[in-house]
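Each structure below is given as structure tokens.
In what follows, chain A forms one complex with chain B and a second complex with chain C.
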Partner chain A sequence: MKTKMMKSSLLLGAGILLLMSAVSWAQMTKYQEDQRLNMEAHVGKYTGHAKDAEANYRRYCVGCHGVEGDGEGENTPWLDPQPRNFTLGQFKCRSTPSGTLPTDEDLYDTIARGLDRSVMPIWNQLPNQDRIDLVAYVKHFSSKWVTEKPGTPIQIGPEPEVTADRVKAGQVLFQKLECWKCHGVEGRANGPSSDTLQDDFNRPIKPYNFTEGARPKCGSTDRDIYKIFMTGLDGTPMPSFSDNVKPDEAWDLVFYLRTLQPKNAYNEKERAIAKQLGLKPIDPNVPLPASSGGQP
Partner chain B sequence: MNLYQKSSVVLSSVVLVAVGALMLSGSVSAAPPSGSSITGTIKLDGTAPHQRGIDMSKEPSCAAIHKDKPATMEAVVAGANGGLANVVVYISQGLSGNEAPMSGDVTLTQKGCQYIPHVVAVDASQHMKVVNADSTSHNIHPQPTKNQEWNKSQPPGSAPFDVTWANEEIAVPVKCNIHPWMHGFIAVVKGPYGVSDDNGAFTVPDVAPGSYTLTAWQETYGTQTQKVTVAAGKATNVDFTFKAK
Partner chain C sequence: MNLPRRVIAGLLFLACFVIAGASDANAIPAFARKYGLRCSACHEAWPMLNQFGQKFKDNGYQLMNDRDAPIWQNPAYWPVTFRMTPIWHRVSEDKVAVDTAAGPNAGEVQITSHGFDLSGLDFHTGGTLDKNISFYLLPSSDSTGAFHFETVMARLDNVFGSSWVNIKLGKFELDNLLSEKRILTLTGNGGIYQLYHFTPLGDTNFYGQMGDNQLGVEWLGHSYNDRSRVSAALISSNDGTTQLPSGNSYSGFFTASQAFDTGKLGVQRLGFYAMTGEAPTQFLNSGGVPIPGTGFGNKSFSRYGFTGQFYLGKLDFQVVTQHGSDDKYFGTGTSPYQPYPGNVASNALPAGARNPTWNGFLVEPHYVFSPQLIFIGRYEGINMSQQALATTPSDAGNIQTFTIGYRYMPIMTSRAGFAWHNEYNWLRQTKAAPDGTDLTSSELLLGFDFAF
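Let's turn to the complex of A and B:
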């Protein structure tokens, strides 16, 4: 019975609010805007405040991401890839499952890291406080940050030692999970589905080419690569594989992917093992052994 | 509790229920399935537009499944007697909000690099199973506007996904990026619904007697609505006709 009363009073309250908003809708949205400017972000010991980021946003971000945060800045018509539309609350680089909001730290890392092969530069020259304030500002553009909580970050255990067995198991996974359909048998981004890929806005998009030496968009470390295929890049064709790859197997795939890259700061061991094994690119026409790894 | 307390509790309950009923318009108890339903046929007036054939040569395992009868697009699927398939029929106005949820699970199967059914309807309270019956990987990538978007890989032989939807949305497009011709729709409905079969026939089960607005949605032709009064204990007939464009 109490709930009933609460419901009725809630309804009454809602009715009054509706009336108020009918009187002045513009004021209501201004009110919401002000409310959202109270948005905070938390990374380590830092607390970011959206209000404090307004000047930096207008100075550094507005040209591409736009006054409204909708990715419609004055540079946008000339950009490919297009700037992120923050009002959708959808982000590529996350430590959280597909379909959930990223953590504040994910956004903070993206701002610091920049996005390779786009015009989004590295912003780590900005003081930490400024960057965390900008994270809060990015969040204030979407009501999702009011109605939803970020996803629970996936658990990434300690990285095991790279072994020949793990590299080989990773190669089996690469074939079995059909990574090659888009990324190609040698990781050259020339798989059979590569030329028809589109992002969520039906714009053509290319898969990552492992052989070019470019940094993956969401980070270069082993843990970053682990995160990329275990959470997916939302808004792009890259799905999450976490339902069908066990946490330990994921490292095998990371190690194999390293062998496809040219020499970099992270893949010395993997490349040496591949050389020693005389590892050849996969042949999708040769069926995998029945007992191969990666069985879901 | 003495008699006086009891009666005052009863009295105040009655008053509260009356007020609550007024404010919430009949949300007091869940309407049990009444045995009454809405049935009918969706017709297509005119000739269905040509549905382009699909070249699946990039995915030989799927092309082999369709080698006798090539797969085509399914934007308009007309049956033999002018019936129109894959039309979602649901109640858009008049529900009390306390209808018994549709029973059972709904399954969306990926087979022959197509979605079966091409249009699936699911109650917001139902679970939807997503099955990969192919020997190739698919990525399931719904692109909703009122629900959360996600994108997950489902390799051959892997367990079905169990999916639920928070918000009504008619309808959520779903696609597979690996096989760009694959697309379908997931209609997330609140309350009872039906989807027309190849003859255009549909049934919306367990509708309590009363007056409703019934909406029919077709992916190419959009929506149509009709008022319907459902009688107790029997099937009420409602037909829709979409004009071919």
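Let's turn to the complex of A and C:
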């Protein structure tokens, strides 16, 4: 009987301890969140304050990204792709190496640019101050911004002149890096792996179709495309190629990718060169020239 | 003891009503449903647009991403929104002419009426037919259920890939920066902008009503972020009435505005508008009845002014000014000719007749406490600067009106909008009563405004 009572007391004690820990954890979380509302963001002359963005977040963002910033807004069940979960501190569009936090400017640009192939609108009509405040608010959702610093942005040298040799070299890289496995030999997002791709949450994901004319997710300029494959899109199967591609070679790949796109404001020269060369889609079954280093 | 119980019962009833409203809201405002954005993304408080909503509208109801074409929508998607407003209101108007034993209209009384009522019913359907081809169709009924087409338009957006070339054809709202069709107030006199409909006493020109939707074609251009906007519309001088009732005359409506980012305060916008045109002063008759479409004796009119949208954090001021002028034939209600074919025999104007002119000012402050609660105020003052006849008192027809109110939106999702609305309007028109004294009216309104 005594042993039984002792066991019960122990269980009760453990239960109370657990409950107290839970309460204390919850209080800490709330405390931390309040602390994180002091989060700031800095872009150029602007300083953003998370606490100043609460109303705008509620006005513009909460329907998709949710009150807690966890991507569980009221629209989430109907959206594909799903809204970003800010609490994870993981972002696709970065100028920083894979696995690191983006810079404030990266987030600021994403808000202004919107994300094609999703319902994320272009918020460029918002005052700059509101946007930078929203950046700080987005950051306040994740403790990562307290414990980690953003990665160092990759260095992007001046863009060289587009030449036929560079376009051809880019095509070789396209084959060598096996971009075609997802994006397809013509960039039509129909490579052999395209139907099997999943993001980090095991949700199906489609590769970018270069031929559709949609804006690449993280920007349309040559520098934006350079950044996409040199930093990767975290949380997706698109890796960073910074270890496989030298900075100067990366421009070759940019120029070749431009030839796959329909006519736009950025690819007049590349398309003209491709036409002049009579550039044909790659044939993955044809081995690469030895000078290119063969398959990776 | 009984009173608190009644109060509690009343509160419970109100709570049940609100909750029932919430659970019924399973249909969806068309654009919010399409894009998954809450009302507040596009509306400062619906239906009034904010800068993002204005950009969305200027882009042809497109977010300008690759999901704008309807092919991206689930086939079950139906781009329709219903809007209706059940209300209780009390309307009071003094000095209404009434018949007495002394004869018709020999007396004046104050008339006050109150009770439960309905506004009209709007069926908004709009969106895109394809990327960069948009449409808007709005069959609208009055409170008796009699329908008319308020808006019927198709628009080619971003022609040649340029946001500066957008062409709209049909019946549409003029490009008023402060939109009367998206007005936040609902009372009879406060639910319109007096400045957009003003006519001097005795003036017969009803074609210059910039608050009414008009039939015509509009070109609109805007910068990528919508900071710069410019538009020009050519409209038939029919005041938006179909079947060419007036004749062969046209008017133009022109606007331009520029917005400035002022840091923490927000985005400020300054602009101007001008409406100018000609309209008939008379018709050919058949058996003494005017024949539609035979309007002639065209005379000119104009309205122009400045517009401003000033934001100071949660507080904003919408401002419109106006200088208006009508031809003296309109002002005196004179037909220049006899109503016979040939236009040869002319009528004389009253001695000393001149073009009536006026100046007006409108300021509408809002305090946006949160995206779900907005306080509204408005003052409008319109003063005649020149009467058509020198014998008319210089201030006859002047208007002063103010409106105060608030809208609380307990339910605001990307599926439905629901607002509790409370408003009071007061209006005075100088020397407009039958006995030549001032005419005043007031209205108190409480109601639900819902769109789904």
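In this text, the second predicted complex is superposed on the first by the 265 of 296 C-alpha atoms of A that agree within 3 Å, B and C clash if a C-alpha of one lies under 4 Å from a C-alpha of the other, contacts with A are read in each partner's own complex, and residues count from 1 in each chain.
To be clear about the criterion, contacts are C-beta pairs under 8 Å (C-beta built on N, C-alpha and C of every residue); 3 or more make two chains touch, one makes a residue touch a chain.
Everything quoted here is computed from the prediction, not taken from an experiment.
Enquirer: Based on the superposed arrangement, let me know which partner A:L37 touches: chain B (first), chain C (second), both, or neither?
Expert: Neither chain B nor chain C is touched by A:L37.
Enquirer: Should A:S98 be classified as contacting the first partner (chain B), the second (chain C), both, or neither?
Expert: A:S98 contacts chain B only, not chain C.
Enquirer: Per the contact definition in the header, classify A:A164: touching chain B only (first), chain C only (second), both, or neither.
Expert: A:A164 sits against neither chain B nor chain C.
Enquirer: A:F241 contacts which: chain B (first), chain C (second), both, neither?
Expert: In the superposed model, A:F241 contacts chain B only, not chain C.
Enquirer: Just checking: does A:T196 make contact with chain B only, chain C only, both, or neither of them? Give me first, second, both or neither.
Expert: It touches chain B, and chain C stays clear.
Enquirer: Touching A:I156, do we find chain B (first), chain C (second), both, or neither?
Expert: A:I156 contacts neither chain B nor chain C.
Enquirer: For A:L288, decide between first (touching chain B), second (touching chain C), both and neither.
Expert: Neither chain B nor chain C is touched by A:L288.
Enquirer: Which parts of chain A are in contact with chain B and also with chain C?
Expert: none
Enquirer: Okay, in this complex, where on chain A does chain C touch?
Expert: 52, 55, 58-60, 62-64, 74-75, 78-79, 114-130, 212, 214-215
Enquirer: Along chain A, where are the residues that touch chain B in the complex?
Expert: Those in contact with chain B are residues 1, 4-5, 7-8, 11-12, 90, 97-100, 176-178, 181-182, 192-193, 196-198, 200, 232, 234-244, 295-296.
Enquirer: Touching residues of chain B toward chain A in the complex: what are they?
Expert: 12-13, 16-17, 19-20, 23-24, 58-59, 136-137, 139-141, 143, 148-155, 157-159, 161, 177-180
Enquirer: Any idea which chain C residues touch chain A in the complex?
Expert: Interface residues on chain C, with respect to chain A: 35-38, 40-41, 51-52, 54-55, 63-67, 224-227, 261-264, 266-267, 314, 370-371, 413-415.
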